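Below are two complexes that have subunit A in common, paired first with subunit B and then with subunit C.
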Partner chain A sequence: MKGDMYLAWSSDSEILNRSENGGIVTSLLKFVLDTKRVDAVLAVKARGDDRYDGGPVLITDPSELIETAGSLHCSSPNIARFLKEYLGGAFDMKLAVVGKPCDIRGTIELVKREQVNLDNLFLIGLNCSGTLSPVVAKRTIIEEFGVDPLNIIHEDIEDGNLIIMLKDGTEKTKDLKALEEKGYGRRENCRRCEIKIPTMADIACGKWGTSNKKATFVEICSDKGAELFEEAIKAGYIAVEHADDKAIKERKEKEQEAIESALKWEKTDFAPLKNMAIEEKFDYWWGQFSQCIKCYGCRDACPICYCKDCILEADRGVVMPGEVPPNAMFPMIRIAHVMDSCLNCGQCQDACPAGIPLTRLIFMLNKELYGIFKYQPGVDVASRPPLRSITDEELTIPGVELVF
Partner chain B sequence: MDIKYVPTICPYCSCGCGIYLVIKDGRIIGQEPWKEHPVNEGANCPKGKNAYAYIYSEDRLKMPLVRKNGVFKESSWEEALNLVSSKLKEAAPEKFGLIASCRNSNEDAYVIQKFARVVMGTNNVEYCGRLCHSSAVAGLVPTMGSGVMQTSQLEIELADCIFLAGVNLKETFPMISRRVLRAKDRGAKVIYTDPRNTATARYLADIHLQLKSGTDAALINAMMSIILAEGLENKEFIATRTAGLDELRNFLSKIDLKQAEELTGVPIEKIREAAITYARAERGCILYNQGICQHTVGGDNVKLHADLALLCGHAGKPGSGVNSMRGQINGEGSGDMGCLCVFYPGFKRVSEEAAKFFEDAWGVSNLPTKPGMTYIDQLYNCKFLYMIGGDPMMVVPDVNNVKKVLQNMNFIVVQDIFLTEIARLAHVVLPAATWVEREGTHTFVDRRVQKINKFIDTPGETKPDWLIVSQLAERMGHKDKFSFSSAGEIFEEIRSCIPQYKGITYERLEKTVGGIHWPCPSEEHPGTPTMFLEKFGTPDGLGHFQPVEYKPPAEMPDEEYPYFLTTGRSIFHYHTGHMTRRTPKLMNEVPRGFVEVNPKDAIKAGVKDRDIVTLETRRGSIEAEARVTDNVQPGLLFIPVHFADSCANVLTNSALDPSCKCAETKVCAVRLEVKR
Partner chain C sequence: MNENKFEPKIVGFCCNWCSYAGADLAGVGRLQYPPDIRVVRVMCSGRVSDLLILNAFAIGADGILVAGCHPGDCHYLKGNLAARRRVMGLKPFLEAIGIRPERLRLEWIAASEGPKFAETVMSFTQTIKELGPSPFNRRRNGH
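Entry: the complex of A and B
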């Protein structure tokens, strides 16, 4: 049932061998496909044997699932966008979706915006300690580890270290914090991300709490997840044992440690921005936005932006067409439209050709709004984005009317 | 449902950015960031973000067209190729011209030049690189030994002074602009020469030298004179890696700085600041493009910038050099492949020796040994024209005159993806496949060879350019030399006769995200991001100073035509506009041609913002929408080159740089009136 925690293993030896932990994610996907509980699975796969290039894949043939087993830390595909933009929000198909916490949260925000049909989804969340941009990852491996990036067969983030494994089986470890202080390591949004365990999914899977046993730690997060998991056990796809207090404690501690590190990074990233004098802030941000070349990359990459006819488009008459940089309305409108629900997923900043620290800004503003509204995006499907909803209480204020 | 992300390279400028295409059931339905690509790391510019709309444009050519009684009729390939074959058989070699494009793949370009040389027996084969970057060869071969970009675009980040010589980087090379921003974050200074106050001037440059059009020589000579006077020249570099400083020093000793100030309109203190900043840098990196090239003194202008770099020792290390910024996807490659009347493939200068080499390589005899005619000369002298992917009715100066000449041709065959302006004048039009409808390699700005795969079916009856040309060669009796069954086979032949490409294979390119920089002499060689690390490409390996005197543009404003006119590009459009004008999102940004007018001139001419105005030169007139802006100084007008209805080159001057036959499309004299 919801809230249950297990250590679990795949009953399929091929999956177990291929997987880094217990192979539960792959086994659950196989179960839902085999039993036709879903039409397809949305997962992530490396392009060929390139660990630095993982992209979303839609799988209908269970035998192909094995290729999605294992984790990739050096890519950050935009799962929620894929679901919304190219799979019609799962209104016409049943899907199992595998994602990091930001992917699952993006999906949930899209459910609130009626862009994704949650009823048709099984959400399988993966614990996440962060991802590296592929370019920075390669640079880190070459410049700091002195290794050819093509010689890596596995990478991991564990106990504050970045660990790489070479083809010959050698493992190399570097302190992640030290790397990141030098500009290597994870994407900056990942460094300050506090949501490491995707309990907003139906089932959350990870390795924390397994004491490095070949097992997956599973937390059942919804009734839908509970039902699915129990059936998978019954059907013999997976074997489980209840997580004991020690395992649960270990997981909690690791999560706590990661959150503390995230909060430190948040401070490192935000303090200089917050501490600027007002004129300095204006100059800094205007300097940043004046580099904008109006590619719309930030908007298009944002998993929660969804308008088909965006008000920022050149033919909408709000932003003067053909001007680079566009006027201030462009960044202002974009920020205002998403700041209450920013997931700190980093996709906008990744896509910006001008290198504007967009996620840093929007997430910083989101945190300010959190202080006011206590709204945490993408966590609870029932809570509404505060800047785009009106409460019953607000409606009772004299003079407040809704005009449609 | 079959849906997948496939990696490819943007079809537009020559940065060579990666993108993911989203393909659903055989049709492209979207595109996504490809973050692993080293050039752009998942970011794209407005054109790159709208990379594929044009290929689905409803007016794509899908069938061969043959003109009958003055109108085009759809025909079979059989009929069209037979007609072209019989007509071309009538052509004497010196009356036949073949013009390829910066958009052909290397494989296309290679087959195209082979067709001209083997089937038609002429070196009259050119591509549009002639019109923008031939000055690079004229200026850099004598000074440094090669006209190519000298550093990898990634290495620009290492520079601590970046000199943008007439290149509006933010609009024309947005992803290289990001490298410059990163260099600036590390403290680099940016110097920029441009008569216009562009986005690059406002948001990227630290020192904007807003010179008068065509006065680059006066400016650079003044800078070098200051550097020598201050003793800031790099003595060790000069001693070990260069020759000829004394002549330059003698020449510069006569430079009058006051006169330079008057000629350029730039205060001498600002010129001094720029000179000292560049000279004192650890790594100075000059990036230049048409702004200095498209002049009657383009070759000289490039020489001057090479002199400046040699003087300060800013060459032969990563993040330095004098770097030609080629603007199109295969601007480098089509030249590498030999689509130039003076070069066989691999820049082997046309000669008895080069002809012999290729006679052996190709198993043919009697290859032409004398240089052919350049692009514009072909238009004016040939009677049979085969145009593959270019549009002289958009890009060649004095378009009205070009039209007359084309109308007098015996036979024009145009091979393209749309019915371009020149295609409307053709006798036969052959429909070509584009971009991800065929397989092939391109060579991007920094000699970066990347492969583009075929992901979607060719529409209608279209075929890859190389296949059409090969099938024509077959009909003209040369089947055995053109029996290619795939682009890969052509690439193998390219590797076998172009030493710079020898070590590059399709297999390697498939595995290497970001491609391989030529020269790459063996399959084990990683490629060469930086040129001239040890020596220059000149016969003695030294950099050679080449003093250059200032010469004014061929046409200067006068009472009748009182304004300078200069031309350029917008970030939202691409060259002749045939692709971007078929891309709705880009058209929403800039839907028509415009002219930038300084507010003072606008008042004088009674022009209000957004008025339709008439621009007239000695060669013709066009209409455009006025944009009253201080982007231009008083006395200067600017128009973009992308619009057929406001075609910039109706106005421009056809005066040529004698050293390379590049036209002076950057300066002429023009009159401005509100449309009556």
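Entry: the complex of A and C
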């Protein structure tokens, strides 16, 4: 039933061995593929043996699923955009999609924009305490841990620590906050992300609440998820026990702790931008935007940008062809079009070759718009993006500003 | 340009059905208001997209007035409501990138409200004169 919480583990010993925790995600994927509930599975896999190069893969053969078991913390593939761009938004195939909270939320935002068909999707969400960009991860491991990055077989973020495990089985731990203050550690957007448990998916899976047992903590978040999970238990793919109050409490506490740290980072990141005088803000941002080389990377990476015929293209008469840096319209239109639904996924900032802190600006604006419209992007399929929708009730509100 | 003699460029997007008629009424009634406003007639305030507002700023507007019908009076039923949300959303954006949100104003002006049009233009021009040239213009003029 929706809202149920379980401790669960895979009945398949190979999956259990290879997986991060209880192997539930891989087992569920195997179950839906074996029983032909879906045509394919969209998951993430390391290319070759490189832990720092994880990319989205479409799997139709259940025997290949084992390669996707285990978590990769040092890559942040763009699942929502991939789903829309290369898989036709799941309009003509049934898919099970695995993703971090930002991937799932991106998918839901695209559903609202009619770019993805939710009816054809099983969304399996993973708890996420942040990802590292591959380059920074390698630098962190070399410069702070003094280890060869190729020697790492596993990394994890737990209780505010970054933990790495070497091939010979030794574990090394460092305080994440101290690392991040020195410029190492997680991606900037991840450290201020407050959505750690993807309850907007059909099933949310994670480690918190398992007390380091070899099990996955599962929260059933929709009726579709409940049905799938019960069928998988019946078919013998997974074994479960109900999560007791202690486990639920432990999970809640860990989530709370992570959220508090996120809010602190948010303050640290936004304070300099907010405290500038207005003239300084203009000089700062236009100084940043003047470094733009108009690669369109931010637009192409953004899970929310979906126009087939983008107004920023050279033939639309707004941004002149061959002009670098582009005129003021380029950054302004880009930001104005996505700011009400920014997910803080960090893809635009990752993509930017000029290092413009785009996510920082857009997510800061999103937070301010949240204050006005109370709209949290990607959480509820039924709520509409506030700058692109109106309600009948507003007809009777006379002023030039609305209060929500 | 001497700061005292600053004559702002103000763009007024007026909807065809209410605000443009209101402006017309102000003219017919020979009401005095500053000549700094350049009125652009649009069919509906809902037509005034992010693109129009931001482009006007980028090419040198010191202030932008969006004027539409009162809620419930829109010829197209809900166009003005879209304009309201849009302007509410753009203000924090403008502020974040260094443009004072006061430079963008939304007003409801009905066809019968000639005096309100004149007053709005007067007070808005005053506001913009106090704020000075827009940062885009300041940068263009090498300040």
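Observations
Here is the rule we use: the second predicted complex is superposed on the first by the 394 of 404 C-alpha atoms of A that agree within 3 Å, B and C clash if a C-alpha of one lies under 4 Å from a C-alpha of the other, contacts with A are read in each partner's own complex, and residues count from 1 in each chain.
Just so it is clear, a contact is a pair of C-beta atoms (placed from the backbone, for glycine too) under 8 Å apart; a residue touches a chain by one contact, two chains touch by 3 or more.
Quick caveat, the model's predicted, so the values are computed rather than measured.
Within the superposed three-chain model, A:398 lies in touch with subunit C and out of touch with subunit B [touch as defined at top]. Of the two partner chains, subunit C is the only one that A:285 touches; subunit B does not reach it. In the superposition on chain A, contact of A:62 is made with neither subunit B nor subunit C.
Once chain A of one complex is fitted onto chain A of the other, the partner contacts of A:134 are limited to subunit B, with no touch recorded for subunit C.
Of the two partner chains placed by the overlay, only subunit B lies in contact with A:321; subunit C stays clear of it. In the superposition on chain A, A:53 contacts subunit B only, with no contact to subunit C.
On subunit A, the surface touched by subunit B in one complex and the surface touched by subunit C in the other have no residue in common. Listing the residues of subunit A that touch subunit B in their complex gives 40, 47, 50, 52-53, 55-58, 75-76, 78, 81, 85-87, 133-135, 290-291, 293-297, 300-301, 313-315, 321-322, 324-325, 350-355. If you check the complex, the residues on subunit C that touch subunit A are 50-51, 54-55, 57-58, 70-72, 77-78, 81-82, 84-90, 92-93, 95-100, 106-108, 135-136, 139. Residues 1, 3-5, 7, 20, 22, 24, 29-30, 32-36, 38, 40-46, 48-49, 170-171, 174-175, 177-178, 181-182, 199, 202-203, 513, 570-572, 585, 588-591 of subunit B touch subunit A in their complex. For subunit A in complex with subunit C, the residues that touch the partner chain are 273, 278-286, 311, 318, 327-329, 332-333, 335-337, 339-340, 361, 364-365, 368-369, 372-373, 386-387, 389-390, 394-398, 400-402.
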